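Here you go, one structure.
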Amino acid sequence: MAYNLLKGKKGIIFGALDNKSIAWKVAEKAQEEGAVFTLSNTPTALRFGQIDELAEKCNAEIIPADATNVADLTNVFERSMEVLSGQVDFVLHSIGMSLNVRKKRVYNDLDYNFLNKTLDISSISFHKMLQVAHKLNAINEWGSVVALSYIAAQRTLYGYNDMADAKALLESIARSFGYIYGREHKIRVNTISQSPTYTTAGSGVKGMNALMDFTERMSPLGNADADECANYCIVMFSDLTKKVTMQNLFHDGGFSNMGMSLRAMKMYNRGLPDSDEIE
Amino acid sequence: MAYNLLKGKKGIIFGALDNKSIAWKVAEKAQEEGAVFTLSNTPTALRFGQIDELAEKCNAEIIPADATNVADLTNVFERSMEVLSGQVDFVLHSIGMSLNVRKKRVYNDLDYNFLNKTLDISSISFHKMLQVAHKLNAINEWGSVVALSYIAAQRTLYGYNDMADAKALLESIARSFGYIYGREHKIRVNTISQSPTYTTAGSGVKGMNALMDFTERMSPLGNADADECANYCIVMFSDLTKKVTMQNLFHDGGFSNMGMSLRAMKMYNRGLPDSDEIE
Amino acid sequence: MAYNLLKGKKGIIFGALDNKSIAWKVAEKAQEEGAVFTLSNTPTALRFGQIDELAEKCNAEIIPADATNVADLTNVFERSMEVLSGQVDFVLHSIGMSLNVRKKRVYNDLDYNFLNKTLDISSISFHKMLQVAHKLNAINEWGSVVALSYIAAQRTLYGYNDMADAKALLESIARSFGYIYGREHKIRVNTISQSPTYTTAGSGVKGMNALMDFTERMSPLGNADADECANYCIVMFSDLTKKVTMQNLFHDGGFSNMGMSLRAMKMYNRGLPDSDEIE
Amino acid sequence: MAYNLLKGKKGIIFGALDNKSIAWKVAEKAQEEGAVFTLSNTPTALRFGQIDELAEKCNAEIIPADATNVADLTNVFERSMEVLSGQVDFVLHSIGMSLNVRKKRVYNDLDYNFLNKTLDISSISFHKMLQVAHKLNAINEWGSVVALSYIAAQRTLYGYNDMADAKALLESIARSFGYIYGREHKIRVNTISQSPTYTTAGSGVKGMNALMDFTERMSPLGNADADECANYCIVMFSDLTKKVTMQNLFHDGGFSNMGMSLRAMKMYNRGLPDSDEIE
């Protein structure tokens, strides 16, 4: 069901890889809601993903870019304004990668070149995007920028490694630039802190299945999935949330404010050597 | 502009007094978005406010209730289900009052009977509402409940008095009951922490004008007004935010995450005896 | 080992029941650190507890008081100033009780008279204590007031029931009164949010053993015990923390900032029907 | 007045420059409290500062190091263990620098090489320190590590620029490594979020005087100074805070939990064109 929430709006969506990507779902919903937009991802992602299919479906141009490269980002915004005939109204940043995670370098044995890459790709790219857009005056007044984050920015989860620090940095950038962009152009910048989600990117994280079982049972509404996250992004791009900025918005079925649920405790209890019945 | 976001949805709106009330604006927008609903407020408020006008405009029945009275609340939910032919999908709690504020009892000279009333009216009424609804099974699966709050729940503002504690309690109740209602009926419960707003209720707070000037200059997007707050409520009642629960959502132009803005600092600086120019 | 951290300091300790109480440990440590103080608890607690033993050991007078009763509290402060020959330097509030928990009224079936009692005993008593002290000018400049809290104030734990709301209210009162007391008398007011602790009071909470196993494994340093909590209270009463106020200080082995630990995940995983090995 | 809180303890203090430095004060107090330690700073800082004076006073060896250089840090820990005859018990990280601030590159015109340096010097240096120490097993069980932070990690202050993001990253690293170091060696890692402080390093921040007037009037206890901060560091190094970890501890006279104080509002109000009297 569609509402025309983004009718007449223009945007740029970074980070769609395949049909499990949150960014992919955002693109689909944005189109249903009346938006036109461009898509961007790295040349490698474009080669291995299925983004052509999405581009066709959404009638969207793909603009390849390394999001850590200012020139590439400049091109994305310039080309987007050309293709879409004007400034954009929304931008989605759904980008993150850690070579430390991939190469199984644990947090007390980080490779610092990898860490720099993690931060550059997952966090600083967001600043670069905003700075480029700001210099080009590429975003309309009352535009909306969203980056996807994760609760590891606030709380440590074993195995999430340097991505936790990257998300903390990302959320800080959203606040810092949100202030600037708000006061000067009425543009809002927020992060959405999403439940752990089965995506091709997310599947590399250690112990993902057990963790997702835990968060599912801890969250009163269960984990939020990629489709639901896309809905929340649409809402944040719409004109109904104009005064929400510099926020980190938890979209997680309630997980972030749970200490212990009955369902999770029961499962945990089953593992205990001398478990009593829990009611 | 309307989107049919609440098409087919039924609700109850507590707390509309006059056309400055946030609840009033929510009612207007809810109707525009396709919802049907009932209105409730205290007999006194009904007498002094202009809610008849709203009821007529929205084709909504008014059900008088003292929100601290379980029997009254039971009647509101039962009657609403009758009038609306079934369970409701959304509930708005926009209720707050402090006799300590009204009678100018400062925070270190509280009257404890007044404090009990503040908490009963402003916070516990929310629990009563939820408990009554839960017992009557009055809210549909995936329904949404919102209460209006204020940042005084997290940070002390001189003169806000025991309403700060009431809002902290209100937000805690939203979390506590959000867990129960989520796990059992997939119903979400959130609070929206709104900018200081010129309402008939809000106008009693000490130094309101200077405070609102400060928050206006501190917030990169300026203060959020009642209309914008109503939009955010609509979004939280819609199907696009199904997995957001137990959250306190700041709707404040960015104020909550500001430490100091240039605009506010400039104004502050003007007050200083030996102010230098600030750029 | 003692450091004379409280040499020459005078205080009042509310809530010691038996030698498992945190307040009991605080009394013991306070004496070791050179303080003199009075003890207060309800007449019932005095009858069933072993506080006489503590009083003798610490050479402390016991002043019975119902902490919800302003006259009783007035007597405690007046009598303490008499016994201790002057204003006090520190106050500990370690008081909490829920009849809803005791009578097994679940959170969606609260008895509202019980809820009022929960809030009056566990939260508002703290305001009363501070207001009485303020009116009597009973606390010295740079004095320190601490109340014990629990993370349920921020995050919902099944079974903790209306005590969660009570703790949220308690922490709000600490902030609100901390502002007043700080600006007028340089007195600081904080809460310490302690790990779940085996005390006679804490033992009534549902599923306590499994929960404590979980928090023990989640917390990198394990649960904090009553002795360690007492040390932290001493620190907060000392002259070395003069500028810390209006804070909620987590004393929990790191639990509050954990999302998932390896140790807890392994145990949880053992409960899963088709668990894989987690490393 | 000294308490022997650090009697027998060994440590390393990074970042003392001159007698306005917080690290300098920590060194003085640590010595008074019975600790022995080494001092480290960059070769440049050693040349321009007065650290020789401190070293002599504290009978401490100076070990020059660029804190972004793993080899240098390795040397600091190895040499410290040699000089102090064994593992250390505490480490202070008081390091931060932004070339963007120094070169007046505003936040929407950052130089990304400068940003990388800001993060490397102000945040990643802390990870490197911890990783080096962990690999060398250089910190004793129940040791304590503290880094100094600022509320800009949570809330945007104009002019604080990329140091805000650096502090957010720093605090995240404290959590992430705090988990590892806690679970493996019972070592705690915390940050102290200090009031704005007149130090040689801090004096470069724009509008510092007006800001400090504002925070002074907002904070019920006034700004915390460097001496008071040093006291809090000592407490965090002592055996009385063993179970506090992964926390960001506000040491700010209450500023962090204030929304608006009467004193600040009065001053702000004086700047308003048509100010009314505020009481």
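Letters are used for the chains, namely A, B, C and D, taken in the order the chains are written, and counting of residues starts over at 1 for each.
The rule we apply is simple: contacts are C-beta pairs under 8 Å (C-beta built on N, C-alpha and C of every residue); 3 or more make two chains touch, one makes a residue touch a chain.
None of these values were measured; they are calculated from a predicted model.
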Under the touch definition above, the chains in contact with both chain B and chain C are A, D
Between C-D and B-D, the pair joined by more C-beta contacts:
C-D
Measuring centre to centre with CA averages, how many angstrom lie between chain C and chain D?
29
Need the CA-centroid distance for the pair chain B / chain D, whole Å please.
40
Overlap residues in chain C, where contacts from two or more other chains coincide
155-156, 158, 175, 178-181, 246, 257-258, 261-262
Per the touch rule, the chain A residues reaching chain D in their complex are 70, 107-110, 112, 115-116, 119, 124, 127-128, 130-131, 134-135, 153, 155-156, 158, 161-162, 164-165, 167-169, 171-173, 175-181, 246
Would you pull the chain A residues touching chain C in the complex into a rising list?
151-152, 154-160, 206-207, 209-211, 213-214, 257-262, 264-265, 267-272, 275-276, 278-279
For the complex, give me every residue of chain B touching chain A.
1, 3-5, 175, 178-183, 186, 188, 195, 219-222, 224, 228, 231-232, 234-235, 238-247, 249-254, 256-258, 261-263
